[in-house]
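Look at the two complexes coming up: chain A is in both, with chain B in one and chain C in the other.
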Partner chain A sequence: MNDALFSQLTTLGSSVILLYGFTLLWRKSLHAYTVAFQWQSVMLTGLFLIIGYFGHDVELYLVAGFLFILKVLILPRYLGKLEQRFPGERESRPYVNVATSLVVAGLLVLLAYAITRPLVLVSDLPTRGGLPLAVGLIFVGLFVIITRKKALTQIVGFLVMENGIALLAVLGTYGIPLIIELGVFLDVLMGFLVMQVFVYHIHDTFESIDVDQLNELRH
Partner chain B sequence: MVITGYVLEIAQVILALLLAPGLAGFVRWLKARLQNRRGAPPWQPYFELRKLFGKEVVMSNNASWLFRIAPYIIFASTITVTLLVPMIVAPLALDGMGDLLMVVYLLLLGTFFLALAGLDPGTAFGGMGASREMTVAAIAEPTIALAIFGLALSAGSTNLGRIVTQELANTAVTLSPGHILAFVALFIVTLAETGRLPVDNPATHLELTMIHEAMILEYSGRYLALIEWASWLKLTIFFTLLSNLFVPWGIATTFDPAALAVAVIALIVKLAVLGGIIAVVETRVAKLRLFRVPELLGASFVLALLAVTSSFVLK
Partner chain C sequence: MTIVLFLVMIAAYGFGAFVALLGGRGPIGRWLVAAGAVIGAGAGCAFGAVVIISGQPFTLSIPELLPIAGGLALRLDPLGAFFLVVIGVGAIPAAIYGAGYTKAYENGRASLRLLGVMFNLFLLAMSLVTLADNVLTFLLMWEGMSLTSYFLVITESSEDGTLRAGNWYAAMTHAGLALLLAAFVLLMNGGAGAFADLRSSAGTLSPEARNLIFVLALLGFGSKAGIVPLHVWLPRAHPAAPSHVSALMSGVMIKLGVYGLLRVALDLLGGGPSWWGALVLGLGVASALLGVLYALMEHDLKRLLAYHSVENIGIIFIGLGAGLIFHSSHLMTLAALGFIGGLYHTINHASFKGLLFLGAGSVLHATGTRNMEEMGGLIKRMPWTALFFLVGSAAISALPPLNGFASEWLVFQSLLGGLNLPAPEIALTIPLAVGMLALTSGLAAACFVKAFGISFLAIPRSHEAENAHESPLSMRVGMMILALACVALGLAPFAVVPVLGGVLAGLGGLPDTRPVFTLDLSVHAPAGFAQISPTWIALGLLILLVLVPLVMRFMRVNRKLRVGDTWGCGRIGQTPRMEYTATSFAEPLRRVFAELYRPTKELSIDFHPESKYFVKSIKYSSRITPLFDRVLYDPLLRLVQRISRQVRRIQAGSLHLYLMYVAVILILLLIAARWF
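Coming up: the complex of A and B.
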């Protein structure tokens, strides 16, 4: 019974996390992206706590704490600042329109189900139901990076993809060693800061954060 | 025992017919209260029906026989659906008559004739409304079927009565991701199919973006009453599907009078809760531009697709 509850909770949590990834494709304002990322991270923190509780792993509580501080408090705040620097920037014309990208995202999740099927079949983890969803989230994040034009959207896409990797790691292994987890967090933070600097530079050069204009580098 | 089953079917239809105007009125009233208006009382639609049935029918000279029979077809097809949807008792006597595909296509039949009737008198608004309704229906109908298929997969039957009894037997399944995704998908489709706010505004007659109202603009008297009643009935049917397929508790599984009484009360409570949710949603969201409606419905289609996938994989 306990195992059944555990597996149901993790699958449910993974689905909700994936759904927050989908809002990136449906909404157009940068503020909505920030909020979606923040809530996704809250859900991810909750999932870490659940897995820590049922898997009897105290370290995961610590990781969940770091995750909360980094992805729910610090990164959304920086994203909010970026958003205020560039008001009125909206993802108005992505390379792939909204309806098509939603369908493509659905197909990507189907693909994730197909390629993780052998893994799920041999695994006897109670968390195996969420594995395809985590892989699907990675795909969706990658898809956002490819098809959206604004630099800020692409950053959020990267962060969502990173959430997907963290989800996959915690579902598949009940948490990787703390030291690696810390390294990953630091990488995400550094990556984000570097990208932020790039966004400022892109904006200074082109007076827009539309990366489509990078295609015309010759002045 | 067999006779009781059929009597219950009839009772269920009458109950649905009686509840439908009240539900529509309740949603209107609650919405008015939420917007700081006093609003008409919840039983106002009953008066509207009485008034409309008493009035004479005025028809355009260009209208053909189709225009006359369409209201009856719409009303009859909607009533037939109430025979197949478990409202108060789970294994229905007429379960063998049709399953969820039957329900979807009966609803689509009503929509189809409504669109034809909108086109028939040759007014500009009617044609516009009909073409929009078809655009919405073309994306919404497969989503309904797909969302309920998600449930049918875990129950092992496309029969609505069977789905409900299976869920009552195995309650853990109601919290599975497949069910929750299917619920969200069906909720969005309900908004679209019954002409609620992000898709269509039920509160106005004079707007260029109207869908449902544009099609019935030419109707009057008892024809209008039948169409309005059928559309309220459709709202009730969708709410019943949402509540009884996803939260089946309270529904009677025997013909015991006490259980039936509980089931009726449970149904009314569930409908009221869903009506409250709709009223809050309609107060909070603005109407979508018509060209964004396919995006919303596309999202709900993807959710339904994922629901089916996860039910299939986790089976």
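Coming up: the complex of A and C.
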């Protein structure tokens, strides 16, 4: 009974998290991306708490706390600042249009199911239902990075992909050791800060944050 | 005893490198760096000598230092010890010379710190190559030697073309390393790679595998030794490097290619079919002849010497090739004679080529140019350098009683022993090799008449040559040591040959030839074929060259002495433009071998507008493109460039494209892991 509930909750949570990832594909304003990422992170925090409760792992509560502070409070605030710094920048013309993007993302999730199938079959974890969704989220994040032009979108894509990796880790192992988890958080924060600096530089150089202009740097 | 010498060697090189790291500037710094190298090389030399004399190998294994593939295993047997001695013979004078020579870098033209560190590490890596007793140690030290020498080549990196020369060297040496890696992996056959295991298991390999290993090793070691057609880096890298480094690289480092070939082909594989020897012999003949022919056309003193290194490596390979041929026919005494000839020429070349490079460095130091057409008359301005260069020239031209003669004579004798071969098809090619070797020797003599005559004799061709000055004491001492070595090695073959026989005893089943080549004042070829005594020749020459003029003087035969201009020919106004030039000296040979050189000439004459009988100026230029640059390397480089241009297309410069490559590869790998 308990296990069934646990299993359903994790699958549901993972699905919601993946859905927030899809938001990036059909919304165009940077503000919407920030909000989507924020809510996705809230859901991820919730999932950590659920797994911590059912898996009897106190450490996960601590990780969830850190996650909440970093990904729900700090990063969206910085993203908001970036938005205000560059108003008017919209992801108006991505390389792949919205309809095609949604179809491709759907296919990527199917691919994720196909690839994780052996893993899901041999696993007896109650959380196994969420594994393909986590891999799917990683793919979707990668897809966003590849097909979107604005540097800000790509940053959000990277953060979403990182959420996918965290989701996969917690579903597959009930939480990696705390010290590693902290290291990963620090990495994300540092990576984000570096990228933020680059965004400013790109804007100073090209008066736009379209990454595709970078190929003018080619020798 | 040996362990102490070993530790002193390591510590001294380490000390030299450490002092250089602290700066190595100023007279004290430069001398401390040189002292590290001299003590290290001296200890190495003594270490090698002790092992050769006692015949007891030195072993040291430190598996903990590198916990993979057997770790660091060192063993010095007489063969390695001989090459350790060769390193010492080359390195001691070069280091002393370098202490004075590097003064020119104090002005910041090159980093003394880098030079000093790399110089000592280079010597250390070379020494450890001869000590390596398993594949891992050998390849590590081999690569260490290549890398450090690369940094030494690009010391004067601000000069034009130095980095390009460095690139050629790095490319060739790493291509060689790749081949060696393949050869050793095949040889290891899944084992851990201790040389003792390889020696015992080499017999169980299939003949095809053995042949493949031999060819790979020959090409790999050949690229380091500089045999044709893998010699292209020598004439580029040697002129670019500082002169004492050129002396070491040409005199010593390329010899480790010979060491490697002997180690693999004779010691580990234990010899093979007769075509192995024929191949080595053929490459040796080609290297010797082409090396000297291209040297004749060079007017850059150091490039000329670099081409002569190709020639001399060829002579060494002729000796080894003859040895391998006889070895395959079980004519062991003759085989030993061939190998002895090769090894003897190895140490001889280390001494005279080291000497010549140091001499060229002194000239470069004094005149600031390597172009022989701008030298001349240096004998009056730098008498010591001229004397030492003359000794080196005579030695490399194989004139008795100097050392080049003794070893080339031995190589000839071993080739003449080819009459005893049972296989007629190989026995017939040997006279051809004899003829080629004879031609090579003659051309080498002609080339050094040119090198010495144009550079040191006559009247100066340029302002710089006119104001040349003798080099400082340290540089002269460095050259003097090598000049004395040339004389000593030439006068004492009766002492050297038995030592070399002892070095080779037991390798690949070679007998101990010490009883055959006895400690006599003369050297005998086996079976009473021939004998010769350089000592008696020297005595004869002494009588001829010193006593006869003295007697004539005493008898007052030629009393009228006139003092005139050199090559004055009775003219009144003598200018350098009337002199014989290096180009004109080489012109007859350029015509004779035009088929090989394919010279392109350019002649433009500017006539006076009034009459064609008056000429305002004549401009003549002629170039030759070396054969292998034309037929092998140029097409190869073009091919590589074409491929790189194709590859460049996927480097479109778009960030999204690169990210997509990553994503596609990730997905493909996941799919491959799932379904394949």
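The rule is short, and it goes like this: the second predicted complex is superposed on the first by the 217 of 219 C-alpha atoms of A that agree within 3 Å, B and C clash if a C-alpha of one lies under 4 Å from a C-alpha of the other, contacts with A are read in each partner's own complex, and residues count from 1 in each chain.
In this section, a residue touches a chain if its C-beta (ideal position, glycine included) is under 8 Å from a C-beta of that chain, and two chains touch if they have at least 3 such contacts.
It should be emphasised that the depicted structure is a prediction, and the values quoted were computed from it without experimental measurement.
**Q** Put the two structures on top of each other at chain A: do chain B and chain C fit, or clash?
**A** fit
**Q** Just to be sure I read the superposition right, which of the two partners does A:118 touch: chain B = first, chain C = second, or both, or neither?
**A** Touch partner of A:118: chain C, not chain B.
**Q** Given the touch rule stated above, what does A:178 touch, chain B (first), chain C (second), both, or neither?
**A** neither
**Q** First (chain B), second (chain C), both or neither: which does A:190 touch?
**A** Neither partner.
**Q** Considering only touches as defined above, state whether A:211 meets chain B (first), chain C (second), both or neither.
**A** Once the two structures are laid over each other on A, A:211 reaches chain C alone.
**Q** Which angle, as a multiple of 10 degrees, do chain B and chain C span at the CA centre of chain A?
**A** 140
**Q** Under the stated touch criterion, which partner chain does A:69 make contact with: chain B (first), chain C (second), both, or neither?
**A** Touch partners of A:69: none, neither chain B nor chain C.
**Q** Which partner chains sit in contact with A:143 here, chain B, chain C, both or neither? Use first/second/both/neither.
**A** Only chain C; A:143 stays clear of chain B.
**Q** Once superposed, minimum distance in angstrom between C-alpha atoms of chain B and those of chain C?
**A** 17
**Q** If you lay the two complexes on top of each other, which residues of chain A touch chain B in one and chain C in the other?
**A** After superposing on chain A, chain A residues 117 contact both chain B and chain C.
**Q** Using the touch rule from the top, collect the residues of chain A that touch chain B in their complex.
**A** Answer in residue numbers: 4, 8, 11-12, 14-15, 19, 22, 26, 98-99, 102-103, 105-106, 109-110, 113, 117, 120, 129, 132-133.
**Q** Spell out the residues on chain C that touch chain A in their complex, using ranges where they run on.
**A** Touch list, chain C to chain A: 652-656, 659-660, 662-663, 666-667, 670-671, 674.
**Q** With touch defined as at the start, can you tell me which chain B residues reach chain A in the complex?
**A** 172, 175-177, 180-181, 292, 294-295, 298-299, 301-303, 305-306, 309-310, 313-314
**Q** In the complex formed with chain C, which residues of chain A make contact?
**A** Residues of chain A touching chain C: 95, 111, 114-115, 117-118, 139, 142-143, 145-147, 149, 211-212, 214-215, 217-218.
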